[in-house]
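Pasting in a structure now, in structure tokens, and then I'll have a few things to ask.
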Amino acid sequence: MRKTTPSQDFIRGIWKENPVLIQMLGLCPALAVTNTVKNALAMSAATFFVICCSSILISTCKRFIPNEVRISAYILVIATFVTLADMMLQAYAPVQHKELGAFIALIVVNCMILGRQEAFSAKNNVFRSLLDAIGTGIGFTIALVMMGGFREILGTGSFMEISLFGPSFEPWVIMVLPAGGFLTLGFILLFMGYIEQRKKTKLEEAEAVEASS
Amino acid sequence: MNDQTLFSIFFSAMVVNNFTLAMFLGLCPFMGVSARVETALRMGLANIFVLVLTSFAAWFLNTYVLESVPFLRIISFIIVVASLVQIVEMVVKKISPTLFRQLGIFLPLMTTNCAIFGLAIFQTNRGYGFLQGITFAVGAGLGLTLALVLMASIRESVEFSDVPGIAKGTGLVLIIAGTLSMAFMGFAGLL
Amino acid sequence: MTGNPIFDSALVLGSVGLFFGFLIAMVNKKFQVWEDPRIDDVEELLPSTNCGACGQPGCRAFAEAVVAGSEQPSSCTVMGAEDVADVASYLGVDAGESNKRVARLLCAGGKSQAVQFSDYSGLDTCKAAAAVAGGGKGCNWGCLGLADCEDSCDLDAIYMNDDDLPVVIPELCTACNDCVEACPKDLFELMPIEQKLIVQCKNLLKGDAAEDLCSVACNTCNRCVADSESGVIEMINNLAVINYEMNELTDPKAISRCPTGAIVWVEGQQFKESSMELEKKAV
Amino acid sequence: MTQSSVKITASPHVRSADSTVKIMWSVVISLIPVIASSIYYFGPSAILVILTCVAACLLTERLFGSTPGSVADGSAMITGLLLGLCLPPGFPLWMAFLGGFFGMAFGKIVFGGLGQNIFNPALVGRAFLQAAFPVAITTWPAKSQTWLSLQGDNFALPFMSPVVDTATAATPLGNLKFGDDPVVTPLADLFFGSTGGSIGETSALFILIGGLYLAWRGHLNWHIPLSIFVSTFVVSGLFYAIGISQFPPLFMLFSGGMMLGAFYMATDMVTSPVSNKGCWMFGFGIGFLTVIIRIWGGLPEGVMYSILLMNAMVPFINRASQPRLFGTSGKKKAKKEDAS
Amino acid sequence: MKSLLSFKHGVHPPENKEITSGMKSRRFPFPKEIILPLSQHIGTPAKALVKVGDRVERGDVIAAAEGFISSAVHATAAGTVKSIELWPHPSGAMVPSIRITVDPNSTQMQRPRIVPRWQDVKEEDLSKEIAKAGIVGLGGAAFPSHVKLCPPKDQPIELLIINACECEPYLTSDHRTMLEQPHDVYEGIRIELKALGISRAVIGIECNKPDAIEMMEKTKPDDLDVEIQTLQVKYPQGAEKMLIKAVMDREVPSGGLPSAIGAMVQNVATTANVARVFKTGQPLIERIITVTGRGIRKPGNWVIPFGTKLRDVIEHCGGLTEDAEEIVFGGPMMGQGQANLDVPILKANGGILILSKDECKRQDIMPCIRCGKCLDACPIFLNPQLMGAMAKAERYEEMVEEAHLNDCMLCGCCSYVCPSNIPLSQLFIMSKTQLRKLAAS
Amino acid sequence: MSDEIQVQDQTAPDQQEVPAEKPVSTFRLIATLAIAGTLAGLLIVLVNQHTKPLIDAYKAEQLQKAVYEVLPGTDHYNTYYLVDSALSLTLPEGAKESEYKRIYVAYKADRKLNGVAMSRGESGFQDVIMIIFGYNPNTAKLMGMKVLDSKETPGLGDKIFKDMTFVDQFFAGPDTPLIPTKPGTGKGLPGEIDTITGATISSKKLIEIINHALEEWQPLMAQGLPQTSANSTDEEVTP
């Protein structure tokens, strides 16, 4: 509970406390809809919309909400915005809506959103909450697009539906299947762990060099 | 309207289209509560209970309340689920603090468990009737429990292994889940 | 239902809200369990190492104890002074006095000081070696040098030196007791940092019998007893034992005539001086 | 300052002659007849695919394995050989290499290397390939004209689709399940291997020879293959008898990957239960699932998935099949555990 | 051929008994110094009765039993007490021991001791006489024999089983005892039967000692209800529970004693020594000890006075060969490795084994491959694989609760078969030590 | 970190006893949820009023497109419901539309019967495959087919709508019931449809779905379908 600056509120969610890659929140949508970049983007946009709106509303109204019905009230707020997002996508981007299927509705239960409300918006002012929400939303988007890109490129040989390798590319079907979702995220985590480890050993080496000189 | 037989609904939800391994529903508890077989089993059973409750509630809302306002589905479902879970939580906390401790923070997590909400949505989208809905819920719950318990027993056994540093924790769990998911593909077409 | 969607919606959601608000309110009345919210806050301030050095089974338990007033924030050995002050000021309580303790090794017989009868081969842990006729080391009480203590220390406060003896870095040690538990020969002891006079030996033999096994063993010559205030050092079972109740009376003079170097005056880290001495000797 | 040249160790001071490394290399040796016969049937394609898989596995173990010396223990070699043996002869080599890498890296090394994995690494590799390239892995080229000509498109460029211009032939299982006029392949063909299929699965005879040799040497637990055969035979016999399956039980035993799987893959000690009681459960599970998937599943073959699914069950089986403690009756022990 | 009696699981390591089985036991010369630890048995250490400078004769009591489960110590040679000090014990610990400088001029005749005829002693008092003689079990555990001979009243003994299996490879001391002292064995059986108030005994001998079986059959008195059971050669056939299972087909309940199912097991050498107490009045001061292995120049069977230092024995037996690798007190499966050549030979020690490099076959420890061979070897039906993993993870309490560590008798079968050379039984000894430490703290 | 905590920081020191929670009135709990619910409902319904026409129009358009696609040459169509085992243009009073099975009877510009479109879903390889197809009851030939929804494996099962040579077979007017055939093994019968190698199951299933649907509807259609449209052309929306 160190005091943070507004810019830290914003930056934090993007990488250092990335909701998907570090905190392991909201994994269901992160795995379910990342078979293509377009879906990942649509999902991120919807989530972004919901998390920002609810953060604003909740940090504004936190005073009026008794603790006992806190979660119910938050969920009500989130669900309202999800419904709005759902209807709007259905009206203006029906193709994407069909692709994402039930997972738009499932934004309601994305632990990440509720978690941010509980952990941050309920305790902070509107401005900071919004910053936090935007940061988290961007972090979510980054993670989803990363996964979507990986899966789409290997799984269909294209990026944003633009074919990359020509027609004789052999798609790795598994990448767009459920197993591929798990494996992709697992692979990304291993890779991040590897980088982390490398950084650590390098730091240690540097220290050792310093100590010996 | 839906003509699927109860058996095929049940079997599909449990293994072929396993909620966790094929549909990506309820991953948070799958990652979080799958470290010990005992807790996993308990979480699974709690899930079955809440799923059946939800299925019933969703069916009730669909048939009697939401007729003229179908666009309120998401919000009504979630209020019902959240409130039910909160009530269960409060009751458990009072009646059995030990049980509460064991399920720890995961009772509130149930509120934000996609599996439960997803069940309500899928049930509605597929137009399941009452019996079909309950069968779907039990099948999905058993599927969740199966995945949870399998994962937990694997994780307990992996605890004895010298897992390399970079794979410790979630990375390995995801890879195990991926492999399990590949193995479950063997059931595809079994309907 | 009226058929008017606007009215219907408000009605449906309003009544659903009403119904569940009512339900929750009732259940809340009946089943309320109150938990001090400060416990969560304090727990968040704690380092979450769950090391148990405070004597509580984890950080959460410690937070409960601190909020309840049965523990002082400073009992957490992992937090720095600043963090302790944070917790104290949050709760408005006294931080308590921290008495820094560190793990001290009561053996100085590394591989170049102590005799090894025959080499042990098998599982590379002290515990395993100790189960095999004591591990083949001449001195039955001495350090086996297979680093169980180093492995047990989560804070990397222990490293093995060239003599295969564990060296504790006082700055990193939180006195968590892990190494004390890990050592099959019971060679570690947690001591307040102010205790500077230390007998680094547990060998109960005397005279040549002791020195034959290890060049830095206490050979019961009694000089340290003579060189310090009476009562500060006592010979018990052929071993010099320091009475730390009288810690203020200890003095570096006590070590001046020790023929083997079994008794030492430690400022900070153990074995720093001795390894320097070795280097000097080599030159 | 060691005084004596004598060493001190824990009891027992003598050891049996068995060693893990020896076991692994005997498995490799026992596979020689299978490999030789498959080369005889499928020509140079078989050599290429097997060598590629072996190379991929050894390389992965060498690069990422826990210790640099771990390639020498022979287990990576087995993984490579077995992966190669359960791929079709015309399989593109780049895919085979990828499968070997994936199986080793994600099936074994992430778990900490030899002895620590949950799933059979060769089958993890194959399951990955099956899910990634389902068409290529179910393309069984018809016998080529001369022994020397390649089967299918082994040399497809990396990341590119193979070009299959020869006619494809169905495997005995595929034919019976999906063929327009299904026939039960004669047992003699299955036994001696003159059928289509994966490189190493076609001849039951040679697998039987290698498997029995290993069982005789005590290097594989014979309970596992036996229980698989018994359950497959009984379950499929039952369905056949009441007329809801067109697979005769003996055909079930000798077709597809059953023999290779039962003798070489289910018996991987690392991924099978430790106690004999557990091995019976494990084997029955594999047999049962295989029959179910073969009869009603979407795929013609189910051995691989059954083994992987039962691999996942092994930790659970191990809990459930603890040996009965001497001086107790099994039941009493269970009660005691309940009480505690 | 009728299959021989035995138990389930177990192992069959190469026997290597032919090295010494044909060698008649010879008297070992008295050394210059004798070391007699106060603790040579299971139970409370004895209490010294002598002071530095005291003159003692061979057979004199020099330390008295301290409490019921304890055993007296007798001087094994005439001489003067040099000191009572900490001295290395074969277990590796330093224990208080009586050092006696042997009188080189003494005839080493045993001081005469008046002993009643056993037939005249009341049943309850037999065990007192045996206690006075400092008899402990010579089968390896060194449990005071008089304690065993007063079993709890509520668990009546039906059958005395004489343990003549000698299932450890290499060792031949029990074998020689039967060949050289068969009458003592039968006399001992009579005494033990009388002490227990029963009449029936069985001698269990592994079928790899046909000459011993023949000798025992030949010398069997007609009036004694003894049966000689030939058993399959399998390690650990000589373990109490396994022997009872083979002979009576009953299992000693987990955590219980053999008396719970009416059995009592005595080692054959213990039994012969019980007879000698009454025959010659000699307390337990020496026994037949096999010095063997391919690491010693002159193997043989010797009657060695307790307290003789290992160094003296090795010297007298021609010294170590160049490739000697390990010195072990006891057999290769359960024996205790020795680092220090100054340790004394004690009552429990039936053999000194010096293994050469080739015999040890030491190999690198590999990861467990879960082959399950250890489960198939464990005669107690434990799961050594699981226990090994738990021990590595330092989950000692779980080992007891879920894997029954306390039932493990550390026989070493699991380590013997493990293809990955995992020192399982060492892990279990270690875990038991750690648990004891935890319980103490 | 938060302002709230800092506020507590200042008050805590002089407030040594455990902070007592203010009892919340039950009324407030209920009111909060009820009011929040009402407001949320209002908000949603307002947006819904705006988007519903768009959504409905899109849905109708999709359906229409599908019908026109599988019944080439269609000018307009009528929806017939299955009411009490008979086809009916209207539903009983107060009935829910979603509970009735239906077919779409399409007419050419000359108001002559063009064909019938029906939609049906059954389990495929992965999950339910939903299709719509056009059928000419007079010639008993198929007119076209479109997959509405399928989760079949991308790259394999999805060939049932991506592989045009497969799809075109349904537009070539095959006889019904359809006969699935392995490519290259056909006997030249008029109802044969070549299945897709590598996706035999999905393609066979698709053919079965059509056959099943026809089995169900043929007896009903045999009861008689109006050969000419009751509606006039200009009443129906044309694409």
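Letters A, B, C, D, E and F name the chains as they come in the text, with residue numbers starting at 1 for each one.
Rule of thumb we're sticking to: contacts are C-beta pairs under 8 Å (C-beta built on N, C-alpha and C of every residue); 3 or more make two chains touch, one makes a residue touch a chain.
Not measured: the values here are computed from a predicted model.
The chains that touch chain B as well as chain E are C, D.
Touch-path distance (fewest steps) from chain C to chain F is 1. Centroid distances built from C-alpha atoms place E farthest away from chain F. With centres computed as the average of Cα coordinates, no chain lies farther from chain B than E. Per-chain Cα centroids separate chain A from chain E by 69 Å.
Our note on geometry: chain A versus chain F, Cα centroid distance of 31 Å, whole angstroms. Rounded to whole angstrom units, the spacing between the C-alpha centres of chain C and chain E is 43.
Chain contacts: chain F has residues 5, 21, 29, 32-33, 36-37, 40-41, 44-45, 48, 52, 125, 153, 155-156, 201 touching two or more partner chains. Residues of chain C found to touch two or more other chains are 5, 8-9, 12-13, 16-17, 20-21, 24-25, 28, 41, 117-118, 120-123, 128, 131-133, 135-136, 138. Residue positions 4-10, 106, 110, 112-113, 116, 128, 131, 134, 298, 318 of chain D each touch two or more of the other chains.
Applying the touch definition to all chain combinations yields A-B, A-C, A-D, A-F, B-C, B-D, B-E, B-F, C-D, C-E, C-F, D-E, D-F. Residues 66, 106-107, 109-113, 116, 118-119, 124, 127-128, 130-131, 289, 292-293, 296-299, 302, 304-306, 308-309, 311-316, 318-319 of chain D are the ones that touch chain B when the two sit in their complex. Remark: chain B residues 21-28, 31, 71-75, 78-79, 82-83, 86, 108-109, 111-114, 116-118, 121-122, 125, 165-168, 170-175, 177-179, 181-182, 185 touch chain A in the complex.
Looking at the complex, you find that chain F touches chain D at residues 125, 153, 155-156, 181-182, 185, 197-198, 200-201. Considering their complex, residues 5-6, 8-18, 20-22, 24-26, 28-29, 34, 36-38, 41, 89-92 of chain C touch chain F.
Touching chain F in their complex are the following residues of chain D: 134-135, 138, 168, 178-180, 298.
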